[in-house]
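Take a look at the structure set out below.
Chain naming follows the written order as A, B, C, D, E and F, and within any one chain the residues start at number 1.
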């Protein structure tokens, strides 16, 4: 029985993230989406807000599916995996730049904890160019991102970014 | 219960391939190593020889492990997966060039059969530069490849490449 | 008034090629699709067949559009451009590997003929992983490529590849 | 009649930018150089200064050429294009990293406004390694950048960077 | 007699840096490790601390080897080389991203001073994924980095990062 | 005293190769240009012809310079280095694709012979897109390559490629 952890910032969750969850679910017994509490960066949404949006989006897409859960974590991803008997880290790769950064991270994680393997899955081609940061940039400039975000997430992001500039 | 297919030429099997099998085994219930019968290329070893070497190497490394098996296949990888209820294709990625070729192949396979997901796992850093073709080139020029090949495979490769040039 | 040349093998024409033509058409006054007669490679289809399929596909997609034409050429792309007063070479780029090969080719062409500029346009994300060689491989193994090829082209490719192996 | 927009920071304009303008001019009926007013970043020069330098450099290189103009813009590039009936976005690509970032941006812009196509042109090999940020770094350390900047721009950049550190 | 300069931040020195020094030493008559005094960035360690750690690590690894020395510098790397009759700049490259950034820097340096050549050497595969920034991130999250750092450096880094967050 | 080996096909020698030799010469005591006798590939010129052209080009560029010599070799590059007390392998890198292939080769060579280090030097930006294979393609199609080849080499290449097609 293999469980997987899908760590990230999810600031906010996009349809690309959801696509990856749906692709990974058939591969694992359980999938834990883990929101990083990173004190170094200044996220657009608080940890609590990011968790709440993830839970709402996942509930809509996969109602009542007990295999998926959302948690927060601090510290090393591999420490969380070890403490919770999770054998795999799930990551999406879209571009060569992604690939190189993920490769270095995966080899570092393997060095820190050889018992946890990183597996990579590719998002749909239609989401291959979507990132949270690009979406925030588009929203900031008034563009339509409804194809990339759940309606609730889109509304919250518009509210947040318009407020932060006033 | 998720089964995975690890397709390739395995001409011949290297320690890098074995490393990937050992990394993937904890992630899946069953792992099928599938040797492609490709009528277009001229392999160094026949399909039968490649299968025999894979079986010997896997038997040595994982004696009595019934989760791993070796098969041959023709046609599309996804057709084999569908026919045998295999939900995942396993591939190793070492370099950016690998990544791009694998990305195109994975998206094509997803288009052909959406029910099969390709997952990527990274080999050990010590095997990150090992490929069957580079190993053949080194052997052809008299170099020592014992770190990269099982002893039986190394002996067979030396025999084959010295004969093929006489 | 700027005319553009879209050179390639088109062995055979894919929906990705057609997508690029349709994207480029609003940018130029005329667009000439130029099939390379390359004596070095062994194409799947003869030059005449590739031209005929291109004409049929373009006629279906853009009936009566006199801005597009199909020609064959030998020799340097830039020599053809100079002889026919064409100021731009159109190329699609999908991947980093494409990009590097195209970059070298574009700088070489610029050296040979500074008056002709290479412009790059990106295909639709849905065609970003489609290449003629990958499509041929899929057809050879019995896969369905109807999303990537015009029906006539698909039928011809199936006929050709099944015959070539009998 | 196709017009193109060449958006960027131009902080400050380099000979690489000018090279791209000169290469693109024969391809389009009009070329609008558009300086982004980005409230998020702290540019070295104000929007007004960047526009003034662009106008001086373009006036020197292309005196009296009414096809080129310099504007500022806020918001989405594609919104500006739509509002001004501009059908093409011009971008230079020098490196693989450039390519990937530009690819994501181009696909996003196409999603936001399918009627505007991004076209890529390559700068001269001699400018392939020149970026505004690298030039600022060299000037900050006392290096000679006269090959990469118009004399006026070079003087202003020296003044600005020496003042900003005092 | 060729001397080489190995410039960098060394914030702090890793075993990957030391590996590169040891690989480069047989190639040059003298090797100067040069710590950049960069007023723009906020390093984790002061220039003096970074120099002291480098000297301790190099003294341990290469006791009494007068061919290696540690200096600090401001301004352009090539100006330092010219002033000290150093003919080569040594840089390590691990990834494609490294390669592109280094390529641009090397061509810029060659433009500024044609008499100094940049040479690239690859670190051991086991250090190919190690960077000072990734190590700092791991330490910040409580991970074990003793394989990547000299014991003194590791202790200092733990002290520094725990203090900086208290 | 460090000697370096510059191995390659040199089929034929280009100005890019010569540029690399001239850049590397100040770094080493001796530089041996080594033409690979590769029985697998079908070169355009015989080994003897490639050596003769290299000697003529080097004689013209560096008359009487006894530090450079031209040899042929079979087998592993590192075996040649070991037998001749050569401590460095010189390679040029122009592109990301080059870099990855060279990286794998360099790590393999290091594994085979840890006492020989591969060093990479970048060619001039003006030769960054020049390769022997691209030059052969241009000549085959009647293009002018006098900027990239020594006059003797250019003449011989034209003769060879026109004869080979008759």
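Quick note on the criterion: a residue touches a chain if its C-beta (ideal position, glycine included) is under 8 Å from a C-beta of that chain, and two chains touch if they have at least 3 such contacts.
Predicted, not measured: the structure shown is a model, and the values here were computed from it.
Engineer: Please report the minimal path length, in steps, between subunit A and subunit D on the chain touch graph.
Structural biologist: The least step count works out to 1.
Engineer: Provide the labels of all chains in contact with subunit D and in contact with subunit F.
Structural biologist: Both subunit D and subunit F are touched by C, E, going by the contact rule given at the top.
Engineer: Name whichever of A-C and C-F has more C-beta pairs touching across its two chains.
Structural biologist: By number of C-beta pairs in contact, C-F is the larger.
Engineer: On C-alpha atoms only, rotate subunit B onto subunit C and read off the angle in steps of 5 degrees.
Structural biologist: 120
Engineer: Taking each chain's centre as the mean of its CA atoms, which one is most distant from subunit C?
Structural biologist: Most distant chain from subunit C: E.
Engineer: With centres defined as the mean C-alpha position, give me the subunit D-subunit E separation in Å.
Structural biologist: Measuring from centre to centre gives 34 Å for this pair.
Engineer: Compute the distance, rounded to whole Å, between the mean C-alpha positions of subunit E and subunit F.
Structural biologist: 31
Engineer: Could you check subunit C for residues that touch two or more other chains and list them?
Structural biologist: If we look for residues of subunit C contacting two or more partner chains, we find 96-97, 100, 103, 107, 125, 128-129.
Engineer: Please list each pair of chains that are touching.
Structural biologist: A-B, A-C, A-D, A-E, B-C, B-E, B-F, C-D, C-F, D-E, D-F, E-F
Engineer: What residues of subunit A sit close enough to touch subunit D in their complex?
Structural biologist: Residues of subunit A touching subunit D: 95-97, 128-131, 134, 138, 140-144, 147, 165.
Engineer: What part of subunit E is in contact with subunit B in the complex they form?
Structural biologist: Counting only subunit E, the residues touching subunit B are 96, 125-126, 128-129.
Engineer: Inside the complex, what are the residues of subunit F that reach subunit E?
Structural biologist: Spelled out, the residues of subunit F in touch with subunit E are 2, 23-24, 26-28, 87-88, 93, 96, 99-100, 103, 106-107, 110, 117-122, 125.
Engineer: Which of the residues in subunit C end up touching subunit F in this complex?
Structural biologist: Answer in residue numbers: 39-40, 74-76, 78-79, 96-97, 100-101, 103-105, 107-108, 111-112.
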